[in-house]
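Dropping a structure here in structure tokens format, bear with me for questions.
Per-chain residue numbering starts at 1, and chain names A, B, C, D, E and F are given in the order in which the chains are listed.
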Amino acid sequence: MEIIELVRLNLFSPMVLAFVLGVVATLVRSDLKFPDEIYTALSIYLLLAIGLKGGAELSETALTEFWAPALMTLILGVTTPIVAYVVLRRLGGLEVADAAALAAHYGSVSAVTFAAVQTFLQALEIPYEGFMATLVAILEVPAIIVALIIARVALGQGGNWGEVLRELLAGKSILLLLGGMFIGLIAGKAGLEQVAPVFVDPFKGILTLFLLEMGMVAARRFRDLRRVGFFLIAFGILMPIVNGTFGIWLGSLAGLSQGGAVVLGTLAASASYIAAPAAVRIALPQANPSYYLTAALAITFPFNLAIGIPLYYGLAGFFY
Amino acid sequence: MQKTRLKLVTIITEAILEDRMVRELKQLGVRGYTVTGEVRGEGTRGLPTVDFDGQSVRIETLVGHELADQIMAYVAENYFADYAVIVYSLDAEVLRSEKYL
Amino acid sequence: MEIIELVRLNLFSPMVLAFVLGVVATLVRSDLKFPDEIYTALSIYLLLAIGLKGGAELSETALTEFWAPALMTLILGVTTPIVAYVVLRRLGGLEVADAAALAAHYGSVSAVTFAAVQTFLQALEIPYEGFMATLVAILEVPAIIVALIIARVALGQGGNWGEVLRELLAGKSILLLLGGMFIGLIAGKAGLEQVAPVFVDPFKGILTLFLLEMGMVAARRFRDLRRVGFFLIAFGILMPIVNGTFGIWLGSLAGLSQGGAVVLGTLAASASYIAAPAAVRIALPQANPSYYLTAALAITFPFNLAIGIPLYYGLAGFFY
Amino acid sequence: MQKTRLKLVTIITEAILEDRMVRELKQLGVRGYTVTGEVRGEGTRGLPTVDFDGQSVRIETLVGHELADQIMAYVAENYFADYAVIVYSLDAEVLRSEKYL
Amino acid sequence: MQKTRLKLVTIITEAILEDRMVRELKQLGVRGYTVTGEVRGEGTRGLPTVDFDGQSVRIETLVGHELADQIMAYVAENYFADYAVIVYSLDAEVLRSEKYL
Amino acid sequence: MEIIELVRLNLFSPMVLAFVLGVVATLVRSDLKFPDEIYTALSIYLLLAIGLKGGAELSETALTEFWAPALMTLILGVTTPIVAYVVLRRLGGLEVADAAALAAHYGSVSAVTFAAVQTFLQALEIPYEGFMATLVAILEVPAIIVALIIARVALGQGGNWGEVLRELLAGKSILLLLGGMFIGLIAGKAGLEQVAPVFVDPFKGILTLFLLEMGMVAARRFRDLRRVGFFLIAFGILMPIVNGTFGIWLGSLAGLSQGGAVVLGTLAASASYIAAPAAVRIALPQANPSYYLTAALAITFPFNLAIGIPLYYGLAGFFY
């Protein structure tokens, strides 16, 4: 299939269309509001479900298959924030704090984008390794730590490192992903079976509801697009393509299947908007949240959802 | 019944700061506090920062006059520069003032 | 089957019984409370699910089948509020604003009543056209506009019409219905399949939960029944029967199947309590909400749910 | 630290009016506001009107004395007749008064 | 416009007491009240008692000075001993004072 | 199977592991928070689902099968609080109010523990009577009344009994259990079928989510463990074992199957933390909530969930 055809297919999925509906709802100033509690509940669900399935798959994975992709993911987590930081400082001329904050977001990962690429591949019936969810967890934290270290060094600050690290690891997205994985690993596929009518079958539907809300959240950030300027818009589209290609390449080196490499590329291309904003807001308060939230939510996320995912799939063809 | 005039200090700030603020208020010496989650608003800083966590919280604490001033000064010093936050105090009358002082 | 037997069957469905349980909970002053956020979430779900299914069906409907029922629905939307207004002014002696407000509610439509009639027909295995959900969307707005125009003319008011219209069309129920339909139309049946474990299979169960809460909401209005008086109680029962019969007849003229005509009749018979109250409260603030909310929620909705639906089914026999 | 006395004006009204009230408050000149959704209550008007949307909201805004009076008069004129609404004002002390004026 | 000084009496207590408190406030003569559900806090009593029901509620009522004192005395007498509860009053200015008295 | 093996199996189920994850989340001070509204919604769901299934089963049960277990349940409800009260006063030296409050909790029943034992038996494919949910409803109230009577007599108080009784019977857990049962009874198995995708299939998954939250709630009580002292910790473990054995024995006398007796034993062993705390807080305000909530939530519930249920299963072997 042509990339253009894949994009079309992807755009016409209920998930992407629900996101569009959310954007429209905000633009026409609808009184539609998702209660915050429901948003929280849906995100708890998504993270736990991703973890559970990943864990149950991992319980049947041999360590020999797993170590190379895990290592490559770690490399991604360390290198991508450094590259992003340099680009943002040199080419974008951003302040240290703002550049480090953005680097943390783009080095880390978006669990919802992971869910979207899974759904995309399943619709095309392209197989990928079951343990990819584990890589989401591995990719989430290191980039944030690396970016914060860069900022500390550049700004010469000291500060309460232990506390920041604890908050990061006990943060809800890591806790739910790792916790779910741990449950899935111990309970195994038989255990997952018992709760499949909640954590497996409705996954895409719940994701659709979540994306409706995400569309509203992202659209509220559109107003800030002018404020962040052209450079950041370009960064929010090009950086993911670079990181995505890099991720696919590392995936192919690690011996992942083509589907697995597409997932790893998408993970690399995605920008965090749960774990990273929370950590950055506390540890780097002087960084302007308009920059990192708008870039991650209003530029990179919709780009990946609509165009990035089929694009990475197309790009993977060059490595396989 | 004996009524005493205290100060009701109110802080409205980003939801992400709730736990930390409460910890610090206790260190400053408050004996109690009440949090109203899920408030929303706008000020001079623009959009609330982190949508994921609900938007803002209101933290209220009944304290003596001196501690009220200390809390306001503390918030000003530590949060005004970088966070979306306001703090104000009202005059309140309570019974059992020893509970708050 | 006799109507009486149908009523019995209908009354003994989990949906209707859940409504009764909600009424009982309020009457015995139980501490059972549905969090508002859950109510909002359930209604978002129901509207979106109705839209999605309608859209997916519409994607396989020929325009030639669809235009006549759509036209008849539009006719219903324009004529029923006018009739209701005249009845309320002439026979009931209501104030202009109150009569127009009620006319808006009875001309518009209740999506939950639509869900209930669907469930009823499915239990009896009676087929109906898949595009009926589209008619819900078509029937929702015109009556409100017609009623507001009547009030404006009768009261000689000017006012911000553009704003009222925008709020109406961007109102959450229209937005979710039309938005869902749009998603269903583009994603098609294959797309719907992907999210069926959320938007199709659990529909009746979610409706049951929603009706539990509706029972509590309706029962809180029972106290107002005395205040609204005998005329409005009679209106809340007889107007639906008139509108229902009219709807069935137009449905039969439009060439709908018998099941489809029952659905259209039920739509005509139902009174709005989401879109209409919101619009009326803003555009006709002087109308007393006790009248329209009590009539729609505490009289007409339970009547339709328990007796109306099987009755319209019975009445349809005379036209087929 | 310099404290200033301002007015904290509170409006409690039907949830359906939230967006409109906020828009009008901004037109009147407020620099910020805070909304607490999902409050409930009873007054002299009887039942809250539209259940679907949550019941009532509380809108609070810190403003100068003059604007406080204007807001109260505005609400009285435009909402007292037809809507479930109350408005009251409290004396509040704030830091950084320029933020609100 | 005529402004009147009333009292805004606030009670923060266990969610489980909401219905009973409201009933009793009405018996004492309040003409209206507003409840904010889902507030949380800590005081000198320790953990909130019943988690299942949400934690605490804030009940506010605008009343005349005398009734304010009566309410505070009533809460002190009936609730201070056994329940997690605080009550305080603020000075408020309202329009249409006849609505509250 | 050995008890130890059963315990292991039970501990490795997703339900129990989710509870553990909740405990861990609190201990590491994670920012993970379950919105209160979701907790409320999940508990409404669980109680209604238990009731519905029980009612649908009861609709096919002969009264001759049912009366003996119902009678035995009533006996449990009256005797266990008396025994608990005497133990707490004599051996524990507790105040009258505190002892009565605890007696109310341990004589009454925990619906979530019932859900857990059901899930356990289903995983082992051990059959049990369908009407057991009815027994949950029967066991819930009497113990609370008995304990309150004891306190009133011992303290010589009068007070508004009618009101307390009304609040107890209209309390949400009784209302939902009995209401659900009533719906299930009338709608029958065919009715339940219609809503099974919501009330049957996802039950274990929803229970898993609920237990995640329960773990957090219980762990917040752990801090109080020191305050309640060693005696209460021992009571919270030994009383359930005594009550559980007693329940199994009465179950065997009543002619229940072995599975049914295990369920009845677990019911007897469980301590209420929805209906009892609400009633006790109002009727016995001078009793210290730290005692009864901590014992029921932080000691007995986790004990039953992890060890008690397989233990009662093992103990049942001696009676069959």
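Please note the rule applied: contacts are C-beta pairs under 8 Å (C-beta built on N, C-alpha and C of every residue); 3 or more make two chains touch, one makes a residue touch a chain.
Which protein is which chain? UniProt says A, C, F = Sodium-dependent bicarbonate transport family permease; B, D, E = Transcriptional regulator.
Worth saying up front: this structure is predicted, and the values here are computed from it rather than measured.
Chains that touch both chain C and chain E: D, F.
Fewest steps needed to get from chain A to chain E, stepping only to touching chains, is 2.
Farthest chain from chain D (centres taken as the mean of C-alpha atoms): F. Chain centre most remote from that of chain B: C (centre = mean of CA atoms).
Rounded to whole angstrom units, the spacing between the C-alpha centres of chain A and chain C is 41.
Chain E and chain F have Cα centroids lying 34 Å from one another. Rounded to a whole number, the gap between the C-alpha centres of chain D and chain E is 20 angstrom. Counting partner chains per residue, chain E has residues 36, 38, 53, 90-91 touching two or more of them.
Listed for chain A are residues 31, 35-37, 40, 197, 202, 278, each touching two or more other chains.
Residue ranges on chain B touching chain A, taken from their complex, read 14, 16, 20, 38, 46-47, 49-55, 81-83. Here chain D touches chain B in the complex through residues 1, 3, 6, 8, 31-38, 62, 90-96, 99, going by the rule given at the top.
Those residues of chain F that touch chain A in the shared complex are 12-14, 17-18, 21, 24-25, 28-38, 119, 123, 197, 201-202, 204-206, 208-209, 212. Those residues of chain F whose C-beta lies close enough to touch chain E in the complex are 36-37, 39-40, 43, 217, 220-221, 224, 273-274, 277-278, 281-282, 285-286, 289-290, 293. Put simply, chain D touches chain E in their complex at residues 12, 36, 38-44, 56, 58, 69, 72-73, 76, 80, 86-91.
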